[in-house]
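Per-chain numbering from 1; labels A, B, C, D, E and F assigned in written order.
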Amino acid sequence: MIRSDGRAPDQLREVKITLDYIKHAEGSCLIEFGDTKVICTASVEEKVPPFLRGTGQGWITAEYAMLPRATAQRMVREAARGKLTGRTQEIQRLIGRSLRSAVDLTALGEVTIWIDCDVIQADGGTRTASITGAFVALYRALEKMEKLEAVRSFLAAVSVGIVDGTVLLDLNYEEDSMAEVDMNVVMNEKGEFAEVQGSAEGRPFTRDELDRMLNLASKGIMELISKQKEVLKR
Amino acid sequence: MIRSDGRAPDQLREVKITLDYIKHAEGSCLIEFGDTKVICTASVEEKVPPFLRGTGQGWITAEYAMLPRATAQRMVREAARGKLTGRTQEIQRLIGRSLRSAVDLTALGEVTIWIDCDVIQADGGTRTASITGAFVALYRALEKMEKLEAVRSFLAAVSVGIVDGTVLLDLNYEEDSMAEVDMNVVMNEKGEFAEVQGSAEGRPFTRDELDRMLNLASKGIMELISKQKEVLKR
Amino acid sequence: MIRSDGRAPDQLREVKITLDYIKHAEGSCLIEFGDTKVICTASVEEKVPPFLRGTGQGWITAEYAMLPRATAQRMVREAARGKLTGRTQEIQRLIGRSLRSAVDLTALGEVTIWIDCDVIQADGGTRTASITGAFVALYRALEKMEKLEAVRSFLAAVSVGIVDGTVLLDLNYEEDSMAEVDMNVVMNEKGEFAEVQGSAEGRPFTRDELDRMLNLASKGIMELISKQKEVLKR
Amino acid sequence: MIRSDGRAPDQLREVKITLDYIKHAEGSCLIEFGDTKVICTASVEEKVPPFLRGTGQGWITAEYAMLPRATAQRMVREAARGKLTGRTQEIQRLIGRSLRSAVDLTALGEVTIWIDCDVIQADGGTRTASITGAFVALYRALEKMEKLEAVRSFLAAVSVGIVDGTVLLDLNYEEDSMAEVDMNVVMNEKGEFAEVQGSAEGRPFTRDELDRMLNLASKGIMELISKQKEVLKR
Amino acid sequence: MIRSDGRAPDQLREVKITLDYIKHAEGSCLIEFGDTKVICTASVEEKVPPFLRGTGQGWITAEYAMLPRATAQRMVREAARGKLTGRTQEIQRLIGRSLRSAVDLTALGEVTIWIDCDVIQADGGTRTASITGAFVALYRALEKMEKLEAVRSFLAAVSVGIVDGTVLLDLNYEEDSMAEVDMNVVMNEKGEFAEVQGSAEGRPFTRDELDRMLNLASKGIMELISKQKEVLKR
Amino acid sequence: MIRSDGRAPDQLREVKITLDYIKHAEGSCLIEFGDTKVICTASVEEKVPPFLRGTGQGWITAEYAMLPRATAQRMVREAARGKLTGRTQEIQRLIGRSLRSAVDLTALGEVTIWIDCDVIQADGGTRTASITGAFVALYRALEKMEKLEAVRSFLAAVSVGIVDGTVLLDLNYEEDSMAEVDMNVVMNEKGEFAEVQGSAEGRPFTRDELDRMLNLASKGIMELISKQKEVLKR
């Protein structure tokens, strides 16, 4: 199988991370997985949600959106519709949960870190690019807060899928729309899972296929974490 | 490890399915996983969403809700809040996607089948009970429509998790709140996956733990499918 | 005039009340007026609305909803529409006002009792079944709170109407849709009115017709109150 | 009992109706019941709701609102809150149902008449003043449409209540807030009821009290209908 | 050019201000610019928005709405739509900003004055009539609060525009719909601007045209301020 | 007066326009006025709003938003609040109206061009940068549609204001927050106005001050139009 952009099945797209992309934010970057581009910021607020008040523990929460023309067809703005789609809510819950798994919240103190992932151009894999970039923005904010000891581990995410029977790493939009199975994996630098989400799109998948997808994801995530470390000079 | 309700780690709670529970619906049941009780209905509408018009293909979509006092603390109604929570949207997308994977939509003709899962009492595992019961309601509706040939396979769902280092099947609410890892698996009668969703709650999980959870889920789902077949007399 | 279900004009449908139907709620029942089935719960919250703070007085408020497939045609969920219909709001105001008339709120202390009436199957008379069942759930909750002295009187509700010129008690859905006049009456065990709501549906009604409807309602309510007392062992 | 404004118990407040108050509307008036002032308009639209399309029948629907400073304390605008209160919805349903009972909808043709009742100053009885004024606006619009044959009967509304044990006609705000029982009656010129809505506010009420309230309402409504006829020169 | 209502190009419509039109409000008037009629009220609330708490300074904010049948075609109520249109928000921000420019907010103490402008009949110039009337209502409220020293200057507003190449003062609806350029000017009694808002409707406008419009607006505003003073007996 | 960034009073910030910034859009650019950065896209849709159907005429409409961390303090997303602020609505109406004034809509044919202006970093002047960049995106889309003949004139916008008595061009955020008067001007290449919006922030302004602000705006806009032409190679 030849991929439309000439990559090998186990090859990531070109990854670029521009650190400190937004001047106001405590941490920020522009992350690019090929033509997918996401602005990620981390903002620190000196208060926590009601259920944490008085516990001394902090919180990390995430919001995700796409610019209306990030996609081939212009989409209606969620602000104009007056509500978030289910897809958006699902993605922002995933980003928040993933990042919380990589941080010791009790070491933060009573602060909330707001992660914002805004997709300015989309070509597949926006949620995995968001998690990978959001970790960088978060790390940067913790660095400024002098709280790097709260970081338990580096963390990144990648998509894998089955297209025409072949297991592929880091699907672009075209591949994603043809995929029979679609999986997103979030993993830390020790190779442990924070999230595994696999969905049959066209047909159910076997245990063997699941195993092969997890292997490929694992390889891709290790490369992404190297990239994060290089940019953050760790 | 002794489970609070005395079950073995690989044991389901008592499962009860009351067929044709709601007289108006084309298909319906009351499903009980221990103290978790869900009313599932399937309603047939003679039209499809815009993106399917003229294709001859049908659609299956799902809605999920809890009665305000299904839980230990009364919750605010989503209708009173004026919008759905992210959790609700995530669950209804999961139910819809799962059921669609078990049906040949092109064999339905241009109809939409609306699945409604309303939790009247909650004790953990409401989304897996919903999928398992929704399949029964859907099957029943297809039977009345004389479209059983559209069913590709039976399908059920179960939760697994890790509590205090032990892998457990079909967590109740108390176990779920203590779980370090939480996973929902949707599988067909051939043992193929429709959905795999695992989340680190307290700590990331290893590949070996993932494998043990999938094995346990597989065992539980086969028992649930036997139960479905018995009730539907297949 | 022969009623479709063979009842005499002054006869109630079969009434069933299953006490303590929902395990989490302080008070609950499943009430059935024939094929109309409503889950009623009473939930106690240790605070009152702003206008009562510091008065030592309690409050009772009600919410009402129908499952989407409680009816012959599936209805759109109010949570999905993002707002309550006028009909729903009217009914929940009626339930709340009726129950408050039967209780000495100053004897409750500063607590709010939330009444939830969720119709799982509808066949006419859902609001009167809700009030009658809600009183049972409320009574049960007051019993657990050891506040039965706050109950001023038993209370129940029934519909009456004029179909084809005949005054009928406890209309089912089919009768209700043909009714020329439709009336809901809420009354206590002393025969005093809490609410009287009569509407011309097809034609205005005379004073004499009003009197005959009130007489019939009075008879039905006394029977419903006997049923409540039997279930609650009073 | 001496009423705060010196009226006899069976006496209406001064009623003023200014016909054709709004130049754009097909029918309109400003109605005043003492200090309660409501602008009522009737607007004709050449289409009907979906359930009436193709039936040849028309429809009448009503909307009701108060200016924010119609009341002693400024109220939050419903447009700013983003939704209608239950009270507003209840009142607009009541106005619409009442007017429909006075008109032969099949004689209208496929048009919708929108009734708008906007309270510019409130002093009790806003819903009964609205119905009484709305009938005048509606009549005027039918006159312009040359459809007066659709009017079955004149129609007006008044409130009655029990204050300190005395049955009073047409309660002002101060009386209304002290009332033990509150009732709104809508009646046609033949003395037939379109609506009867009585609520125990402080205590339940007896059948004898109900009868006395209905008698008083009947007297008041006949006086209001005379006033309507005088203004409309019938 | 002959104006449809016979006015000279630099002539205002007949202006009427009925003081104290709403009995409950601290300040109120009904203002009429020809057939445009607006009820303006000022309501005093003993608290300020969060950003002013503890500063000793007050606030003035405005809301604006039209009755549904204020216009030739009935409009959908914003309360029924569940949100404000952009036009409404723009107008209420303009009214609030204009009035704040005429008052020394630090002299008010920590109170909010809510201005409500409700258009009961519209014939062009509703925003300028609203500002002119709102100033009167505000002045009246400050008089009752014994805070007239907070008034820096009288303030009024008028529209000007270019129709068929002629610069006109105080456009009515018909003129407004034909205008090539439309401008609203808010000015104090010293001839200083609070707001200047000019928009090309059909074609851009030159600096010379802008100057001529400002001259005309200035003339009209001085006449409106005389009218305000006469009514307020200053 | 020395400006914080060392500019002369009549000097623009550095302006950068990156053409074709978003690959999916028919026209797009990233525009920078100093640290203010806005992504502008133009999207062509082959239909028009209802009021234009069948007229052969096209439409241009605009939407505007800020990323939550475009500002020094993170703002709540409008999509999360469920509605647009008044400020946002005002700005998007301004952008749409301005662009429509520069295009012959009858030459477009029945298409709608959606303009999206998304501020990724804000430092004052976001609405004027949006209009200036949106014109570039629009021009580019018309070029691809081969409809450049619909362009009547180039168009740009700039802010002017009075700070400490000095009239300044193109205010940054710090200057904007101290400004006594704030004005936005939209002008075409012939020096004609599309929009003039001046507001007294701290004090009213005189006719002479207005004149000086308009002169300065005129100078700035001519420079911006040169920049647009250079980038578009006209």
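By definition in this document, contacts are C-beta pairs under 8 Å (C-beta built on N, C-alpha and C of every residue); 3 or more make two chains touch, one makes a residue touch a chain.
Source: prediction; values computed, not measured.
Note on connectivity: the fewest steps through touching chains from chain C to chain F is 3. When you average the Cα atoms of each chain and compare centres, the chain farthest from chain F turns out to be C. Among the other chains, the CA centroid farthest from that of chain D is the one of A.
Its C-alpha atoms fitted onto chain E, chain C is found rotated by 120°, rounded in steps of 5. For the pair chain C and chain D, the fraction of shared interface numbers is greater than half, so the two copies use mostly the same residues to meet.
Centres computed as Cα averages put chain A at a distance of 51 Å from chain C.
Among all residues of chain C, those that touch two or more other chains are 82-84. Chain-to-chain contact here is organised cyclically: the chains close a single ring, every chain touching exactly two others. The sequence of chains round the contact ring, opened at chain E and continued through chain F, runs E, F, A, B, C, D. Contact residues on chain C toward chain D in their complex (touch as defined above): 83-87, 89-90, 92-93, 97, 101, 153, 183, 187-188, 190-200, 203-207, 210, 214.
Within the complex formed with chain B, the chain C residues making contact are 22-25, 28, 35, 39, 41, 43, 45, 63, 65, 67-72, 74, 77-84, 88, 114, 116, 118, 120-121.
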